[in-house]
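One chain, chain A, appears in both complexes that follow, with chain B as partner in the first and chain C in the second.
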Partner chain A sequence: MKMSRTGLALIAAAYIAVPLLLGSNNYVMSLVVAAMIIGGIALAWALLGNLGGMVSFGHSAFFGVGAYVSALLTMKAGVPVLAAMLLGGAGAVLASLVMLPVLRLKGPYFALAILAYAHIFKIIATEWSSVTGGSAGLASVPRFPELMGFDFSGKIGSYLIILTVLLAFVAAYRAIRASHYGIALRAMHDSEDATRVVGVNSTLLKAVMLFVSAFMTGVVGAFNVHYINFLEPDYAFSGLWVTLPIVAAIFGGYRTIVGPLAGAVTVYLVDQLVFKNLIPSGHQLILGALLVAMIIFSPGGLIPLLRKGFGRKHAAA
Partner chain B sequence: MLDLILQALYSGVLQGGSYALIALGLALVFGTMKVINLAHGEFVLLAAYMAHTVEAKLGLSPVLAIPVALVLVCLCAVVVYFLISLIRKDRELNSLILTYGVGIILTNAVLLIWSADVRSTSSAWMQDAFVVGPFYSMRSELLFFAVSIVLMGALWWWLSRSWYGRAVRAVSSNRDAAKLMGINPRATEIVSFVVAGILAAFAGVAIFSYGVIQPAFGHVLTVKAFIITVLAGIGSIPGVLVGALLLGVAEALTVTLASSALQELAGMALFLMVLFVMPNGLFGAAGRRG
Partner chain C sequence: MDCNCIIRSKLGLAALALSLTAGVASAEELLVGAEIPLTGSLARVGAGMNEGISVAVEVFNKTNGKHTIKVITADDESAPAKAIAAVEKLAGQGVVAITGGYGSNNIGPASDAANKLGLPYITSGGVDDSLTERGIKTFFRINNTAGYRKAMVGLLDDMKVKSASVIYSTKEATADLAKDVQKELAAKGMTVGMHAFDPAITDFKPIINKIRLQDKSEVILMAGYENDYVGILRAAKVLKPDVKAMIGVWSLATPKMVADFPDLMPSVYGTALLPFPAEFKTADGKLFADTYKKLYNKEPDYLGQFGYVQSMILFEAIARAADKGTLKKGGVVQELARTDRETLIGRVQFNDKGDNVNFVHRMGQHQNGKIAIVWPSDAATGKMSFPGVPW
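Moving on to the complex of A and B:
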């Protein structure tokens, strides 16, 4: 896999320049980290949509399950935080196993079934209070540890962790897309029936994509819980963890890898800094309008739209 | 104990009436356009809030909100139809995201206009007890159950006897063949959206008259309506009625025997069971599986 120079430069800038320039400002760093959390879910959502051809309205289920599994493992079983984060992802995969029968349903049915599932997990987290703490939630979830003399529990440390997680996701996404599974998945996008005829087990492939997407979302959820040290069902399974990533992915372009991430940073920052000041409660209204406008005018996202714009300019020149 | 269970069955059936109206709207639009309108629950919610406004601001009975709710919801339905018709490619999936966005807009508009408070009717007449033999209900529950039965009868008559109703069924079962018979599919689609809006308006006023509403409720209603259509299977009106009654009864029994917090779980359990055991629904033909 070749990595371009600009890509490497961007990564270096993200690791070194961002903490140096913005690290002293806690407010800005917390906005950046929150935007990256949304970016992680948006990437996972887009992977399922782009490679698996499935639209999900239930990613809050994976986010919440990942958060609960990781929080409980660290609090009750004493598992180290970073290991628990990965196990949180594994927990989300387990949760997605329950959704397997739904995979045989066609597009709109899948989307709604997964939405229904998200409700189930929220109810379980609220009602199973002996384990999850019920609606009161879990307080003082362990923070990120100190490693090699660096305290990862602060804003900069958390930023470095989520950055690493996101880069790992991007690498995994690229690897899947470049592998022969990626080719089969792209063929499935054109015609699932034809792909089945040539011997591709499409249901299995879709299931694997669901697992990957669930794992990513679960890890992000687990990261978030150790970052904010608190968890309650309404927050963990909030519809916000679905709405924002979808808007971000559609805005940036869900068929690309950079699109969802760039979309998340743009949408989240604009939402927090502009929309929230305009309409304190109900500012999601604008996000909804944005989503509708994107689907009508440029369902491929803003990046292809920009490219088209540049292309025209070049042609004119 | 038996009394309690019988009472739960009775309440569940009454509740099922409104559920059926909501689910029928969802199924009708899916039939003609192959589009699931994720903002459908929000249509119902909008009607419910209109009933609240008419009662709180004008001091009138929520029933009188029906004409206003009809106009508003049908207008919304037509707008959503036009938005969907603007989608150029991959309509099946893009329409989901689009209507999801419309749902967000409507939920937050409701939040902005009416705030996040939980609302319910204060009309004494509506809340008065109505006792039939051993069964107890509010007057409003029985009234709107009757209304929904009448509406379903009218819908059945419309679909089987009137020209447009038959056109809707024709487009649902075979779009191309319907075109060859001189049916304009676009007109049929608008009609199905408007009829769905009419049903949603009645259901919304009903839900406000005997229950509580809040902005996030629209989403819950969409999920319920979807569960009912899965229970029913596609293209079966009696199926939707039975599915709605089943869901209403399952929820009422859960509240009586377990706890009200588990109410939603009952619907989900029913939904999963049907998916595992009878993937085509209780009454449906094949066609949902990929």
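Moving on to the complex of A and C:
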């Protein structure tokens, strides 16, 4: 698996140019970090849809569980923040175990069943007040630490953490897609029955994809709680953690790996930096129209559209 | 022109320039940020607070005479991450403090961001106790759960009832209030039945039936929001439990409820700062009401009053800090901490956690299409109609 020069240049720019150029602007860095949080969930959601063939409306469950597990481990057990983030992902995987029975469902039935699970986890977080703080939630959740003299709780530090997390997710996604399992998963996407006939355990593969997607979303939820330092059930399990990532993934191109990330960054930053300045209240209207236009004119999303554009330029040259 | 004349004219010009500079400095326009939800789930309450902030700007600029305030508003879209971004954007635009915020989950992260940037943050939009337990010295709040609890319990004391059933939403502010009220009533020897409900439910008949057949309480207390009250009162009107009063908190004793649900409101109680139609006895109150009506052509509501009070307190603290030359040396925080002022919501003084120690709400009752303040007695504009229910 080779990485293109463009890919390497983009990674170098993300690590060096973004902090150097935007690091002093807290506002823009805030938006960039928020966009990357949405991008992380969008990537995990697209992985489940693209490789597992499942459309989920319940990713807020993994996001919320990851956030709560990480916050509680740091606050009550003194676990270091970065380790707790990974355990937050593990907590989301555990939460996904109870969703295994719905893997036998397909299409809208699966989507609705997983949405119900998200609501169940929200009720648990509200009612189990002795542990979760109930509806009042958790305040003063520990921030990211200072390591080797660098404060990771600052804007640049938080940005570098989420960037690293997302790049690790992209690498994992690429590795899965390029493996034998990836081929089987893509074949399942076309005909699950046909792949079962040739001996592929489709339910097991779908379960593994659900675990991977849950882990990714849980880690992003854990990152968010240490970034925001506050958590309560309505926020942790909000439907926005599903709708916005789905919009981002579809806008960017959910069939590609970088599409969901590019979609999240584009949708969020353009909306906040451009549309919001044009129409302070109601700017989402333009975003909605843009999404409709994208679906009509480029159903594959932004990345395939850009590739087509570059392809034409090269052909012309 | 001789030498002396030249020197004199130069001195004169220098003096004129100095006086002009001094004039400019004294008439400095001070920038204040307003971080408010103008869209999203909290848009309605955010818009109400925003009206109060605009009235405060108008009144301050008209009455101060020395300083003028300009407010830059940023919509936080009812989302914590955007609330942080809004505060950071306002800081980048050079504001000296932040007013606004609604919902503890937005106020917490936003005030945290303001604190990191050294900006004072004042609000009336979040009553969660954890907000004032963070040790943040730049955070100030003019209302709190305790003030609502005192009003509810005080009204029940006047009614001399011995039992109550509390119906409350599991949302943070309502659940906190319900539990605080229960503790205090239980400590007074009252029998209290607790009935939590998920914010998503709309049919309250099972809860009302339980109260009617099992609790058999004298009064029903409601801690929820507009839609919840409407659902509870509709269910109660159908099942007619044998209670003497229906008592709610915020968003209930309002002109909007009078207009929208005239059949459900008679004799119902809720927290209210002012009667409706509004009667202002103080000069400050009259100025607020006149300005509000001029700007918005309607009666002021409680959201506008809270937004006005928090912003006026902040603007006055900024003006005092500017006069002392401590505006950029933490002076606004110091001046806010020294606040001791009679306002539309009563006397405001902050403790070392930034909470208003004097906050006690008032209780209003819907009476003949109007709202009368019935508790406390020194602020009452009407007599309590007790027992009394809408059916």
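Heads up, the rule we're going with is that the second predicted complex is superposed on the first by the 277 of 317 C-alpha atoms of A that agree within 3 Å, B and C clash if a C-alpha of one lies under 4 Å from a C-alpha of the other, contacts with A are read in each partner's own complex, and residues count from 1 in each chain.
By definition in this document, a residue touches a chain if its C-beta (ideal position, glycine included) is under 8 Å from a C-beta of that chain, and two chains touch if they have at least 3 such contacts.
From a predicted model like this one, the values you see are computed outputs, not experimental measurements.
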item	value
Per-residue touch tally on chain A - higher for chain B or for chain C	B
Partner chain(s) touched by A:Thr126 [first = chain B, second = chain C, both, neither]	both
Touching partner for A:Ile279 - first (chain B), second (chain C), both, neither	first
Contacts of A:Gly239 with chain B and chain C, given as first, second, both or neither	first
Which superposed partner A:Asn229 touches (first chain B, second chain C, both, neither)	second
Touching partner for A:Gly288 - first (chain B), second (chain C), both, neither	first
Partner chain(s) touched by A:Leu112 [first = chain B, second = chain C, both, neither]	first
Chain B versus chain C as contact partner of A:Ala34, first or second or both or neither	second
Contacts of A:Ala139 with chain B and chain C, given as first, second, both or neither	second
First, second, both or neither for A:Gly182, with chain B first and chain C second	neither
Chain C-contacting residues of chain A that also contact chain B	123, 126-127, 281-282, 284
Touching residues (chain side chain A, partner chain B) in the complex	55, 57, 101-102, 104-109, 111-113, 115-117, 119-120, 123, 126-127, 192, 239, 243, 246-247, 250, 279, 281-285, 287-292, 295-296, 299
For the chain A and chain C complex, residues of the former touching the latter	25-27, 30-31, 33-34, 37, 123, 126-127, 134-137, 139-140, 224, 228-230, 232, 234-235, 240, 272, 276, 280-282, 284
Residue ranges of chain B touching chain A (in the complex, touch as defined)	30, 34-36, 38, 83, 86-90, 92-94, 96-98, 100-105, 107-109, 111-112, 116, 216, 219-220, 222-223, 226-227, 230, 259, 261-262, 264-265, 268, 271-272, 275-276, 279, 288-290
Parts of chain C lying in touch with chain A, wherever the complex brings them together	38-39, 73, 75, 79-82, 84-85, 88-89, 91-92, 104-105, 108-109, 112, 117, 128-131, 133-134, 170-172, 174-176, 198
